[in-house]
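Contents: one structure, followed by commentary.
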Amino acid sequence: MTDTLTPPAVAADPKLQSKIPAGPVAEKWDAYKGSMKLVNPNNKRKFRIIVVGSGLAGASAAATLGELGYQVDVFTFHDSPRRAHSIAAQGGINAAKNYKGDGDSIYRLFYDTIKGGDFRAREGNVYRLAQVSVDIIDQMVAQGVPFAREYGGLLDNRSFGGAQVSRTFYARGQTGQQLLLGAYQQLARQIGLGNVRLFNRTELVDTVVIDGRCAGIVTRDLMTGEVASHAAHAVVLCTGGYGNVFFLSTNAMACNVTAAWRAHQRGAYFANPCYTQIHPTCIPQADDTQSKLTLMSESLRNDGRVWVPKNPDESRAADQIPEDERDYYLERLYPSFGNLAPRDISSRAAKRAVDSGRGVGPLKNGVYLDFAAAIGRLGFDTVWERYSNLFEMYERITGEDPTKVPMRIYPASHYTMGGLWVDYELMTTIPGLYAAGEANFSDHGANRLGASALMQGLADGYFVLPYTIGNYLAGLLNKPIPGTDHPDFAAAEQAARDRFARYVSTKGSRSPDWFHRELGKIIWDYCGMERTEEGLNKALGELPALYEEFQRDLRVTGDGASLNQTLEKAGRVDDFFQLGMLMCRDALERRESCGGHFRAEYQDEEGEAQRDDEHFAHVAAWEWTGDPMHATRHQEELEFEAIHLAKRSYK
Amino acid sequence: MSHHLQNLVLKIWRQTGPNDAGHFESYRIDDISDEASFLEMLDVLNERLIADGKEAIVFDHDCREGICGTCSLMINGQAHGPQKGTATCQLHMRTFRSGDEIVVEPWRATAFPIIKDLMVDRAAFDRIIEAGGFITADTGGAPDANLIPVPKPVADAAMDAAECIGCGACVAACPNGAANLFTSAKIAHLNLLPQGQAERYSRVEAMVDTMDQYFGSCTNHGECEAACPKGISIDFIAMMNQDYRKAKFKNRKALART
Amino acid sequence: MAQAVQTRGPVTGTAAARTRRKKPFLLDLYSTAVGKKYVMAITGIMMIGFVVAHMIGNLKMYLGAADLNHYADFLKHLLYPLAPKGVTLWLMRAGLLAALVLHVHAAYSLTRLNHQARAVKYQGPRDYQVANFASRTMRMTGIVVALFLIWHLLDLTFGTVNTVGGSGTFVREDVYQNVVNSFNRPVVAIFYILANIALGVHLFHGTWSLFQSMGWNNPRFNSWRRGIAAGIATLVVVGNVSFPIAVLTNVVG
């Protein structure tokens, strides 16, 4: 535990100005709002803002900016903004409403989020997130999001991991869907009114920086292959996380890092790429053709018992294995928390069980989550009532009835805390280029609490960005900006055309998916749940070789002049390769264990993560140098004024 | 535990672009695990096509957990295939038997023009939402969320309607190519809630009139409900018809006042 | 419908593009698909009322010639002497005719709309799940019923075809004998039976469908709607089909 922090190990980079307002943490946001520059309502229409992505952050930002009177262009590679992957979030959204009167407050949500993130997030940002969380619920209810209600008609809450209060608002198991549709509908209204222009099935392929500020983007129309430029006063990237670098993750198939990575190549620093979150209860991979993993709600662990057979050579069916030959390892290792041990701990325990050869299922790649005891204790009907929708989903995917055969689960990647470095205003190190939602790094530190992703996306899009962007735009009033006829746009367009032409003309022997799968294996094995210096070095040896092979032996069939999903994939895998290298480098350099980043060398005698606050209480922000293997690492020191650093313990 | 299916014959619709006539092409799958999802089976086929130097089959898909509504496909004459309450992405090969012939076609509706192969353009759905599928509540002005109580049965009914994933199976399955289930689900979601009352009648008129521009009309077959991966009830269509009738009179009155 | 995809413009201002021409209220309502369905439903109700009443009235046949002919005479004296003899009946007939014309017109335009909504059909076979024989054959049964209606009027109202090949001559006032004469021809009897079965099939879907179209939706009676439809269809078919059978088996005549 350290109260005062050691000075930065390296001189602070002048670009890494977090711009956190001075003053007590609870007053920073008000202080900012009171002193920021405003754009007069009549002048707002003089500014064009590009929003890339239409998930919670993108849709809410675009809709709000449109309402304010800005000219907004929103880009999505989906057919409709409603498809964005925010839609898949199940559990809920946190807000410090204290409707339950159980002692919640803005400070407590702030504290829980900082602690949950293992003290690797900025106080100022997180406090603001907790503050605006209450406005989000008001806003979404006004828009008609059908949150769960109590019989009296008031909003219902439930509790979630990492918190001792009930502050999670939910809409059945589809909270993400309902929130996204709410934001989408608000965006649709602005499109209908003509305040927002929608470019669908259009993917960002480059950002353009002219005279030190972001001047616009270059896009590729997925339907026609047409590469085009779009100039704007500001660009907002709301393009999600990079969990698909693992190939198998709970992310949607199209989720990718391209937008963030292209911005990174143009000068935006990439922060903490090694902070990835693994969710402990997903359905294990069934075979080699598997394309993605499906999450099963963590609530199952309330009644399911996790076990593996004691004998690695066990071949009997689960119900034939006698009690004394089963290893209920979570109950054995963590007697006080048992099956409800925190996400990262139970994930690593499952990995160790499988690595010891005691995994279950045809591929021996899962652990049992057994409801037999619960059914015996509570009766079938009670258990069925609690989890029927999950049991049915499980059966649809695996063909097994979890009330008869124990469920098989295994951890999987599902969220990335790292992302583009942004300051308090959500601006990246490129002036005029913003990042919001999962695409930025700012609020979750090294680990995200359940039900906080939806909160952050909407906070950024509704209540932060629409304010902070004005502070930048005010300075551009009545100053001409470069149009798409500027030679730098033409050059970026040509580079993009050349790049896509190269994928087609390589005419090697392997598909983009094949490379993606191989890349994913390396990242998962060496930069997944548990990382070691040796493994990371190995990965950093293998990745450039595989990347070189990708460039030489890629095969993309078809051409670039009509819709070609193979070609789209090639571009995304290209960027994943480069990100993968940076991720491993970041994981190697961060010589501590914190949150989702677990370095096997840094653990205490109980196997718990061991932080090194003296040397690593900072954000690692990477600068592009032309080669991800030689990116430059910068540090932004984290200053804790309101909270004392403590060991993250849930015992 | 896992079994394999042998000798499947896939008849898949191939069409190079919107203006191409298109045709069925047959592909043989010699062996596939029954653990594979239907889309993973297509992934495997696509990998083979690429290996053979041919262009992969284009189909829409994304989340692969039945919530984003991107996937489509008419499989053996049924929207989203034979398993009830299941989107194509969650349909697994164990639903089929060795030796089966499986016919795969895109959604067909004039409002959903084919882009390529099995991919269609469902933008008409967005136009319906843009016409009125929202509650006007600009960011920032919302009152406290608990100010308006919503009775639980009302919230539950609104949620039943709001579960729509916008996949278009209702249109695809409808013998008339009607979008009444999609449109009515959104109208019911918003019109049931107290927050939606202010725009209730302008909403239903605008959305139904926009729907009219693109889609066929409902003759109450009920195919949409049977095809819907979320099991949305055609009762919502009746509710929409009722609200539309009321709206026509109420809006006329409102117009007369101005 | 397939648009050329070259440079695609963005989508914006879609709500503003929606301006409907000002039309008289009812015409405006009728110009929409949902409005046409209301017309289908309302005219359907009128005609259901007619066929049910028609069937019940004709049951007088079982009471003998005097009763049936008296009933026929009663219809001509409806509201008499307030209205001149026969006028009310003709007004009702006019109403029914208007309902029929509207019903057919709405059906025709909706059918055209529906065909346009799927200009390119599915190329593989469809596998319907719940659409039943009745719902899928509405157009066919509708046409059969319409053709039957014309023949039926010529046969027993105007008498133009009643004499052809018949066993007697058409006498306007002797409804009973006209019916017996007509149904004594087995071909005619079979045509009546088949047409009425078609009517029943049409009513089975139509009656259920009208609840949906009108938006008469109430959890309390939703489950009854199919039952009501089946009941009305059965009632009409059983009643109407019994007449030719009764004549052919000499129960009546």
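First chain written, first letter: the chains are A, B and C, and each begins at residue 1.
By our rule, a residue touches a chain if its C-beta (ideal position, glycine included) is under 8 Å from a C-beta of that chain, and two chains touch if they have at least 3 such contacts.
All values derive from a computational prediction rather than experimental measurement.
Asks: What chain is most central when centres are computed from CA atoms?
Replies: So the chain nearest the centre of the shown protein is B.
Asks: More contacting C-beta pairs: B-C or A-B?
Replies: A-B
Asks: Can you compute the centre-to-centre distance for chain A and chain C, using the mean CA position of each chain? Integer Å is fine.
Replies: 60
Asks: Measuring centre to centre with CA averages, how many angstrom lie between chain A and chain B?
Replies: Those two chain centres are 27 Å apart.
Asks: Could you tell me the distance, in whole angstrom, between the mean C-alpha positions of chain B and chain C?
Replies: 34
Asks: For chain A, what residues touch not just one other chain but two or more?
Replies: If we look for residues of chain A contacting two or more partner chains, we find 189, 191-192, 198, 200, 223.
Asks: Can you list the residues of chain B that touch 2 or more other chains?
Replies: Within chain B, the residues that touch at least two other chains are 17, 115, 123, 126, 130-131.
Asks: Residues of chain C touching 2+ other chains?
Replies: Each of 5, 11, 14-15 in chain C touches at least two other chains.
Asks: Can you tell me which positions in chain B touch chain A when the two form their complex?
Replies: Of all residues in chain B, those touching chain A are 1-2, 16-17, 32-37, 39-41, 43-44, 46-47, 49-51, 53-56, 58, 60-70, 83, 86, 90, 92, 94, 115-116, 119, 121-123, 125-126, 129-131, 133-146, 148-152, 155-156, 158-159, 162-163, 165-166, 189-190, 193, 195-196.
Asks: Along chain C, where are the residues that touch chain A in the complex?
Replies: These residues of chain C touch chain A: 5-8, 10-16.
Asks: Chain C touches which residues of chain A in the complex?
Replies: 73, 189, 191-194, 196-200, 221, 223-224, 226, 228
Asks: Quick check on the complex: what are the chain C residues that touch chain B?
Replies: 1-5, 11, 14-15, 18, 20, 25, 28-29, 32-38, 110, 113-114, 116-131, 135-136, 138, 205, 208-209, 211-217, 222
Asks: In their shared complex, at which residues does chain A touch chain B?
Replies: Residues 60, 63-64, 67, 78-85, 87-88, 97, 99, 135, 137-144, 146-155, 171-172, 174, 176-178, 181, 184-186, 188-189, 191-192, 198, 200, 223, 250, 252-254, 286-287, 289-292, 294-295, 361-362, 393, 396-399, 462-463, 466, 509, 511, 513-514, 555-558, 562-566 of chain A touch chain B in their complex.
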